């Protein structure tokens, strides 16, 4: 499952989109479609995880930033 | 009976349709018709089984994805 | 956090501005954007700290200056 | 603070003016600006001290001058 | 203050004039100007004292002469 | 001939004239002028005294060397 | 000089010279000899009156001179012998009567008067004596201007040597006292005429000259004849005047009378009145002069002091000296301005940077990024939904096909009749449908298809 670590979020998203498209075309053999679907589910999970990870990171950084902000420019805080 | 394992769902379906068509023609000798019919029933059963299997797999995958989704983006869920 | 001690305030500010711009453009890959964001947060914190430190220094200098002024030109004080 | 004892008042004033000008140009990096400002504050304090010293001296001399004047030209005093 | 006893009144006056002129030109450095001023005040005082002394002397001499005149040439007195 | 150690009236007059003239030339330093003035005043006093000291006497030496009033010119005096 | 009209006839005559022989021309010498003979014969002894000029004395003692009057002149000589017996000095301008003869000095072609005897013309003994004395004192240089002593400007005592009863003392005193009413005069009376007068005058001069208070002497008398004035030509007087330490003014006779006393005196007053004028300045003018000098003196020194005082005051009043704080104030203001500018400028810089930084405060909030993440999440979720849907639709399609084909197949089943009690029998080994009983042999296994299933049987018989 960790085989395509080097793919970016966007690449994975693209792949997922391709999968969705190919599934919607209905031209795939059903089994292939299921395989794709499985792949899609995996991709989705990965993307989901990526997003979670990134969000967590951003949120942490945001907190961190806020703290710094509060410390140094407490009065500026009202405008925000 | 397991000889055409490599046939895809769609191929089997096609075969089944062909069988049905040939049966509808009514021009078949009984034996042949029965054979066909029998083949048709088998195919139908296979297809049924294939489909069930695939459906189960898809369902499982779907469930799997949902769980992941619930886990990581619980709060985002409200907006959706 | 003290890794780029040799960058001036303005250079850091410029960097931060570039980061913000690139983030606002939305053309960055998401992960790259997050990395940038992290960098941005750090830069912002540094800048804020720099600014605070300098402000404090200026305030001290100003006080110092005023004292000298008060000392020597006590009668001039009303105009100020 | 007494490091540049050999600079004349005007030279110091000129220096301070240059500092103010460079600060007003707004083209200085902040750190440099603060350094300049610090220098400026010091120069200002020195100049103030110089002025005070000179003013005191002039005041004393003026008194001295007046006394001599009163002594010698007491009758001239009405015209003044 | 009595250092330049050998300077004549006119020489001192010339010096004072030079000083006043240079002060009024306003082109002197402040410290130099204050020095000059000091010199000027001193010179002025000296000159005033000189003048007073001379005036007193002349006044005494004038009286002296006139008295002699009164004594000896009482009749001449009316014309004067 | 050493009887006129003190200057003659004429010499004094000449001196006084020279003094007045030198003062009028205006080329004398003030102190020198005052010195001259003093000299002038003294000379004037002497001249005045010389004139005052004079007293009309018309005498005649008798053969015995005595001095007697000379009557011969007495009557001339009344006309004046 | 008012000399009488020249008597040419007396000197030259108008008789033409004797004419030369009517023969050939004479030699110059012949002519000169004849002229000399004529002159010596004609003027062997004559007296001629004229003025002496061009006097020169040869080394041998001969005196050469020229006799002249207004229009003519004759060279003359007085041989050494005659010259030695002369009791007066031959000097230029002297009017003489010369007795002698005329001759021609051939080598020069000049005629010449040879003097035998010469006497001063028209004067007596006194004149000659006067001239002799004049010459003597002139020779001594007693009349030289360089010897003249200056008069004191204002003599303390004026000594006068004259007769106490004469007109002179009256004139002198009158003038003198008019000019200088406070003058002091000491009169030394002297006989000014007659026997012993010169000694008396000299004595009086010496008497006054010996006094310290007498600063000037007037020696004189009124006018008179040469004899009357003679005492003033006597050596006693001349020498007394000459030797006096005190300056002497001579005032003898009138303008035309010149005595030796006049010539030797330091100043000659033409008349006694004039002597009274030259001896003292006017007292009033003097007093005025002194007072004016004093006034000028006072005015000058006062003016100088006032000028100096004004200059000094002006300098003292100059703002440079009066308001020295102004120079400091200007600088002070500048410093204050700079201080304000300094703070302002830095505050400006700081504010600008702060604003720049504040604009970047979006960063810490991370909203942008979170939004993007949300969008991505939505996208991902959408894709998932789409994928799920598509997958479902795929499966549903397949199932629909299957479900359509199932009943169709069923309906077409050749075995449908079996429901009605028919059955189909097939061989077990090859599934062949048995259409005839002889198609099966006993022992063969057969499969009978019934509506609800199969029955496998073995053929017992056929």
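Note that the chains are named A, B, C, D, E, F and G in the order they appear, and that numbering of residues resets to 1 at the start of each chain.
Rule of thumb we're sticking to: a residue touches a chain if its C-beta (ideal position, glycine included) is under 8 Å from a C-beta of that chain, and two chains touch if they have at least 3 such contacts.
These numbers come from a predicted model, not from an experiment.
Peer 1: Work out which chains are contact partners of both subunit B and subunit G.
Peer 2: A
Peer 1: So, comparing each chain's Cα centre against the centre of all protein Cα atoms, which one is closest?
Peer 2: The most central chain, going by mean C-alpha position, is D.
Peer 1: List the interface residue numbers of subunit E and of subunit F, divide the shared ones by all numbers used, and answer same when the ratio is over half, different when under half.
Peer 2: different
Peer 1: Among all other chains, pick the one whose mean CA position is farthest from the mean CA position of subunit C.
Peer 2: Ranked by distance of C-alpha centres from subunit C, the top chain is F.
Peer 1: Averaging only over C-alpha atoms, locate the centres of subunit A and subunit C and give their separation in whole Å.
Peer 2: 34
Peer 1: Using Cα averages as centroids, what's the distance between subunit A and subunit B in whole Å?
Peer 2: 33
Peer 1: When the centre of a chain is set as the mean of its C-alpha atoms, what distance in Å lies between subunit B and subunit F?
Peer 2: About 166 Å separates the centre of subunit B from that of subunit F.
Peer 1: Two or more other chains in contact with one residue: find those residues in subunit E.
Peer 2: In subunit E, 9, 30, 34, 37, 41, 44, 48, 51, 54, 58, 62, 65, 69, 73 touch at least two other chains.
Peer 1: I need the residues of subunit G touching at least two other chains; which ones are they?
Peer 2: Correct list: 287, 294, 301, 305, 308-309, 316, 321, 324, 328, 331-332, 339, 346, 350, 353, 361, 363-364, 366, 369, 373, 376-377, 384, 391, 395, 398.
Peer 1: Could you list each pair of chains that touch, in label order?
Peer 2: Pairs flagged as touching, ordered by label: A-B, A-C, A-G, B-G, C-D, C-G, D-E, D-G, E-F, E-G, F-G.
Peer 1: For the complex, which residues does subunit A have touching subunit G?
Peer 2: 9, 13, 16-17, 19-20, 23-24, 26, 28, 30, 33-34, 37, 40-41, 44, 47-48, 51, 54-55, 58-59, 61-62, 65-66, 68-69, 76, 79-80
Peer 1: Could you pull out which subunit A residues touch subunit B in their complex?
Peer 2: 29-31, 34, 37-38, 41, 44-45, 48-49, 51-52
Peer 1: Considering the complex alone, what residue numbers of subunit G touch subunit C?
Peer 2: Touching subunit C: residues 332, 336, 339, 343, 346, 350, 353-354, 356-357, 360-364, 366, 368-369, 372-373, 376 of subunit G.
Peer 1: Within their complex, state which residues of subunit G touch subunit F.
Peer 2: Touching subunit F from subunit G are residues 152-154, 156, 164-165, 169-170, 173-174, 177-178, 181-189, 204, 207-208, 212, 245, 283, 286-287, 289-290, 293-294, 296-297, 300-301, 304-305, 308.
Peer 1: Residue numbers of subunit G touching subunit D in their complex, please.
Peer 2: That would be residues 309, 313, 316-317, 321, 324-325, 328, 331-332, 334-335, 338-339, 341-342, 345-346, 348-350, 352-353 of subunit G.
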